[in-house]
Amino acid sequence: ALCKSLHTKINHKLNVRVKVRPVNDLPPQKTPKYIGGLYTPQKMLVWPSGPPRNILIVKKPHKNHVTEALLILLGHIYKKYPKCNIILKKEAAKEIEQIEKDGKQLTEERSIYTGTNSEIVGKADLLISLGGDGTILRGVSMFSSGTAPPVLSFSLGTLGFLLPFDFKDYEPALRSVFEGKAKVMRRERIECHIIKKKKSDGNEMSAGELEKEEEEFEAEEDRDDITESNSYSMHSLHVHAMNDIVMHRGALPGLINLDVFINGHFLTRTTADGLIFATPTGSTAYSLSAGGSIVHPFVRCIMITSICPRSLSFRPLILPTNSKITVKITAKNDLISANSEQTDLSGDITAKLSVDGIPVTELGPGDEIHVLSESEPKLNDKEDITEAHIEKYMEKGVWCVTRSDGDWVNGINGMLGFNTGFHTKP
Amino acid sequence: ALCKSLHTKINHKLNVRVKVRPVNDLPPQKTPKYIGGLYTPQKMLVWPSGPPRNILIVKKPHKNHVTEALLILLGHIYKKYPKCNIILKKEAAKEIEQIEKDGKQLTEERSIYTGTNSEIVGKADLLISLGGDGTILRGVSMFSSGTAPPVLSFSLGTLGFLLPFDFKDYEPALRSVFEGKAKVMRRERIECHIIKKKKSDGNEMSAGELEKEEEEFEAEEDRDDITESNSYSMHSLHVHAMNDIVMHRGALPGLINLDVFINGHFLTRTTADGLIFATPTGSTAYSLSAGGSIVHPFVRCIMITSICPRSLSFRPLILPTNSKITVKITAKNDLISANSEQTDLSGDITAKLSVDGIPVTELGPGDEIHVLSESEPKLNDKEDITEAHIEKYMEKGVWCVTRSDGDWVNGINGMLGFNTGFHTKP
Amino acid sequence: ALCKSLHTKINHKLNVRVKVRPVNDLPPQKTPKYIGGLYTPQKMLVWPSGPPRNILIVKKPHKNHVTEALLILLGHIYKKYPKCNIILKKEAAKEIEQIEKDGKQLTEERSIYTGTNSEIVGKADLLISLGGDGTILRGVSMFSSGTAPPVLSFSLGTLGFLLPFDFKDYEPALRSVFEGKAKVMRRERIECHIIKKKKSDGNEMSAGELEKEEEEFEAEEDRDDITESNSYSMHSLHVHAMNDIVMHRGALPGLINLDVFINGHFLTRTTADGLIFATPTGSTAYSLSAGGSIVHPFVRCIMITSICPRSLSFRPLILPTNSKITVKITAKNDLISANSEQTDLSGDITAKLSVDGIPVTELGPGDEIHVLSESEPKLNDKEDITEAHIEKYMEKGVWCVTRSDGDWVNGINGMLGFNTGFHTKP
Amino acid sequence: ALCKSLHTKINHKLNVRVKVRPVNDLPPQKTPKYIGGLYTPQKMLVWPSGPPRNILIVKKPHKNHVTEALLILLGHIYKKYPKCNIILKKEAAKEIEQIEKDGKQLTEERSIYTGTNSEIVGKADLLISLGGDGTILRGVSMFSSGTAPPVLSFSLGTLGFLLPFDFKDYEPALRSVFEGKAKVMRRERIECHIIKKKKSDGNEMSAGELEKEEEEFEAEEDRDDITESNSYSMHSLHVHAMNDIVMHRGALPGLINLDVFINGHFLTRTTADGLIFATPTGSTAYSLSAGGSIVHPFVRCIMITSICPRSLSFRPLILPTNSKITVKITAKNDLISANSEQTDLSGDITAKLSVDGIPVTELGPGDEIHVLSESEPKLNDKEDITEAHIEKYMEKGVWCVTRSDGDWVNGINGMLGFNTGFHTKP
């Protein structure tokens, strides 16, 4: 339960009764247009069929000041945009309901919509994020297999690379979105396809079996008890990343061996703590800590950065978005032996796969993942890329409401402390 | 003079008398088409108006085995492609003439064309390079201000990143180019505009004065005594780089101070040995030595890598090609003083500017350079990028005849020794 | 069970019956002298009271070729040094006993001594290691709290930084040790004191409680079922490292926060995957992968290298051996909050502590470790270091039989591939 | 001439007439004792035969505020320590004389002593530095071939790593030195022996010729017209460095090739911009910019850091102080050719040698340098290091007056901005 003083503050701010309803009652998602020069990565967010109606708000859990901000935002939307429907994830909806119950009875009533993640996915016109970088990453990860709505994110307490707006500016920020005056920038995502070659009985999975695993995963996704912090499950087979796809040895004392192929050509075998595949957005996240360069989000590329490799000569790589990358987990050399006793040890060699910091699954020898850009047309051999393809794929990615094109430079300097010179003046 | 044994070999190989003629006698340059999906960086080299006629061959100077290769190539072209005209730079033409004079008299006669660099630039349909990476860089630098012809480069003795073909494969390589079957890949260039603000009398240069300097530079370029290794002069004001644009303190004991701006936003002031602006092609040259990432040539970006900065937090940056970068040389802080005695010291703070390893000029406090991508449409504020712009600018850059798309991976591994693991097997 | 063919080979080689006896039957450990200039790190290994009698052989488990080597070595020692007593760890002794049982009956009988780790520690005059770098590290870790015997290590199959001798040279290598002609070099160790401030009830541990924990740990150490690969237990409170002491986030998705103090002065708070404290010996292990410099084992220092820090400006540090380093695990900033709901989350923030790659324990907020050099005299404030102190502490560390002083340079080049130039020659 | 207002200030402060006298009139240098535990690097500065008499003050040239500080210091010493003799380098003495001439006539007269650098070297009991890090480096470089007096350095305007005291604290700092209460720390130096193998006629230099060159160099050193900023000359053959010895390609476009040997073992051939040999003191200077670790000044080692090497696998090395390092400049591979034409090109390949940032000489193919620690006893093969050796060599190096042992940590954080975390709080 929230502490007393918060309740008083909150009720003061919201001053309505809140009723939770099924998200399925809402009209389907409507998609905006991103208007601007075909090749300019910064565009205008325009709503051809009227302003957004269904607004999904995601928030950092377990933080009073974030809950408070949510209530302020609810109050504001109820008042200024009364036609809008608010969608919350189950956890957040419960929290609001609880506050309500604890509070004093009020006459006015407002609705909040909620449902399973996959129900929500088909309804949200706009995604508002209240929290830190992780809150957006988790919010966007709901739309991992489809089109994400535009994202308006507010920082609360901490600055973040993905957080252009301070919460205190929520009024003008919302207004510009509703009035079609907001600038948006595209953040490309990378896709990861997980191919588990081995079943527990040692045989490869058939296509049918793989499909079944995927269905089970999706069903599981919608279970009520899935926690907010873990929106993927063990059996996930196809995911998108805004920051990065990371394979890591985890808590294993031993190193992992990974074979990397680019467009079918063997690139390298790396023995390391792990390997990061990052988007330009993710270049300032884990990849940076592991020694990667800082890449502007408008550069179209996929980064490969290794984590503590047993090599003096692994330099971070920057590949074009049309690269098809395959990674195979390999057994330790010395375990590939005729000696049957050791085979049970091979179970040790597993790599943990995380997407945008969210643990997804564990992979063993023989398993592989494919990493590719979301925005690269998937053509058959005979097709050539046309204008139509381009237009379609240019819409992909996550469109984030932004402020000015100096934001990136400001972030590099202000947040990362880029090239802080030596302090030689007292 | 070449040694005796070489002469014998050469005459044996060439077996014709060579006459040097003025390159101005040749028909003007004809440009090929690069056919393929609009957005595929690897295309087919096609000659709509018949195969190339004027072939410029550049070679590494002072190397007997390179001269020998040149003679073999001349012999081959005279025989197989008799309609072709061979263009050589003055130095090389003289060398061939000399060999000729020293050799025994022959009845058959063939022509070689030469002239000033700017005369040659308007004539070459195809550029063949014999030597190392530096030979191509110097060859292409002739076309620094215009469109470069397609480049076919052969390695001689040393491997090189820009050298897909071994000289022993000259026959099939040439054939594929003449028959319109060669694959080419585009290497984007970056441009550098040099703005010298201060004249010796301390006043800014007027537009007229700048223009005059540029004209003088161009005139100078054509002087006979310009050495092959220094095709730029002190007063050059606008150059293109295939690898990199480097500002360096040179032999000065002191560090240089540079202020960097991106699209008008102040990025940083760096105190360092120097600063590198590199293309993806140049990512494996100086930038690599200074700690930069390895970037695939198909990624469209401009790299900023600093050389030994006085900072713990300068991380290499990768910017989009539509960035407009400005760098200003600044005086040392402590020299900006009211005290007139010190002003004479400010002459010390100069940065040496090199383009693709070729020294261009020296810059002092107040001077600035602009770095931008060659292939980015230069539009006025009201224009939007259209398909036509794209098509036009996609033709820019240097189109290099290539072998297979696995070349890059092979180069990374074979030449750079990327991610060589630890040798734990005896 | 080992496969048939191995048995035949083995029995052929050993040709004696092996009887396992209690290590307590053996005379106590005798220590050699390390003779040479007081300050020369390379000395002669001399046995004042006669050659070593009790020889502890440690081996890599689960490897047929290593077991085979062990049997060859046993055979050799039984024959050439019949007065020597062989000590094996329990696991290895069992393995030999098993082979024996499976084999045909033999008349001649030889002894093997075994016991708990702490029983063995008081008996071993010489430590022979058969395996890889990890085998020595695990062997030496048995002597974590006392004086380690000199180490003679053989590589088997793989090269290693700590493995100067190839197994095929076991005869001359052993002879030089027994005849007092072996050269030894000292590898300094660092110590780690673990101070767990919080008990499960939230109160600090009293001195008495800490002592009790330590005793329990030691008792546990001697339990029969402790596996070879995990010679430390959860409650270990004082350990020595030949390579490194590592704190790591393990499989946690979140980063860890560590506050580092040097001689009582606050150095820094690092948010990272982890932090490595390494000896010069360990400079080529994990620290190298994380970006540390290569330090010659004769340099007296403690290295601090961070693993993927959230900072652009963490540069590896090299401290003098008289540094007293303290590291405190801190809760995430945003968890230090008045709000009681979140306290349960703080359980998440744990750092895994490994010593020489062996997991030791897990630490939570408030816990701290002290890292210091083993060979630095521990004086009270009034004492000054004397010649006697120096002499005493110079004997500390692990004395490893070595070949020549060029070994290090050879290892840097041959094993690590240091400064491999670019391959520009075909 | 200094500006008027400065004059007035200065005369106000000094208020005496200054007479310049020959430094040879002064009694010879007296050396202090450094008292403390034999192996503690921080000791007490004690004057067994009374406080220092001859005080050499070095200053940054061309800075009014530094000149002003010098005058304040002169006034203070004249008044508080009237028995002390002030020594200035010629340039500084002239400056003071000039101020005097320009000022009004005063009755009281005081002396200033000056002479050639080598005359000064034999007289100075204490070195006081006013300026930046470079001022100390240049001051200490005067004592490059002998024992340096203790150094008391004040920062003026800028902070510096080697500058523990702010000028405003000159009174207590001086007092502690005179009263034998100052703490000092030793900064070890490295030596560099330059061996020019080739004379202009291509023959090796004989021992006699080398000696003659050295004498000439020393004579030259004393010439009046040597500028303060360049205290070494072209022919210097034996120098000491407090920071670093650097070989660099300078303004040459080409890279240099250096072969490095350690104790006679070939380590590596590096093709690079240059190579740095640094002391721990120098670890925060050039070596840091080139990617080296931060080494505490009490660690006894020699660092090798390369500048922009053509290699992915050059990692900085930390060697023990008893290493004997040899570096040979090698001609470019491809110039070692039977072809006589190219030999003239070999003149290009020169490396510039700087010591503590001061240009010393240029080296060509065949030349070599030897780098070793100043404080390592130079013994013949039969000698063993004794206590006496240690004591003698422990006195070597430069003893710098220091404040507290937390200075280093403060410098790392305050000046270098070590491990500045990301700014996530607004």
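A, B, C and D label the chains in the order they appear, each numbered from 1.
Everything below uses one rule, namely that a residue touches a chain if its C-beta (ideal position, glycine included) is under 8 Å from a C-beta of that chain, and two chains touch if they have at least 3 such contacts.
Source: prediction; values computed, not measured.
In this assembly, C is the chain whose CA centroid lies farthest from the centroid of chain B. Comparing chain pairs A-C and C-D, the larger number of C-beta contacts belongs to C-D. A separation of 42 Å divides the Cα centre of chain A from that of chain C. Separating the CA-averaged centres of chain A and chain D is a span of 55 Å.
Chain centres here are Cα means. That of chain C falls 42 Å from that of chain D.
Contact of a single residue of chain A with at least two other chains is seen at positions 157-158, 288, 309-315, 416-418, 420, 422. Taken as a contact graph, the chains are fully connected, with every chain touching every other chain. Residues 3, 62-64, 157-158, 248, 250-251, 253, 272-273, 286, 288-291, 307-313, 334, 339, 341-342, 345, 352, 354, 357-359, 416-418, 420 of chain D touch chain B in their complex. Contact residues on chain D toward chain A in their complex (touch as defined above): 155, 157-160, 166, 311-315, 414-417, 420, 422-426.
Across the complex, chain B is touched by residues 36-41, 262-263, 265-271, 280, 283, 288, 292-296, 298-301, 303, 306, 309-320, 322-323, 384-387, 390, 405-406, 409-410, 412-413, 416-422 of chain A.
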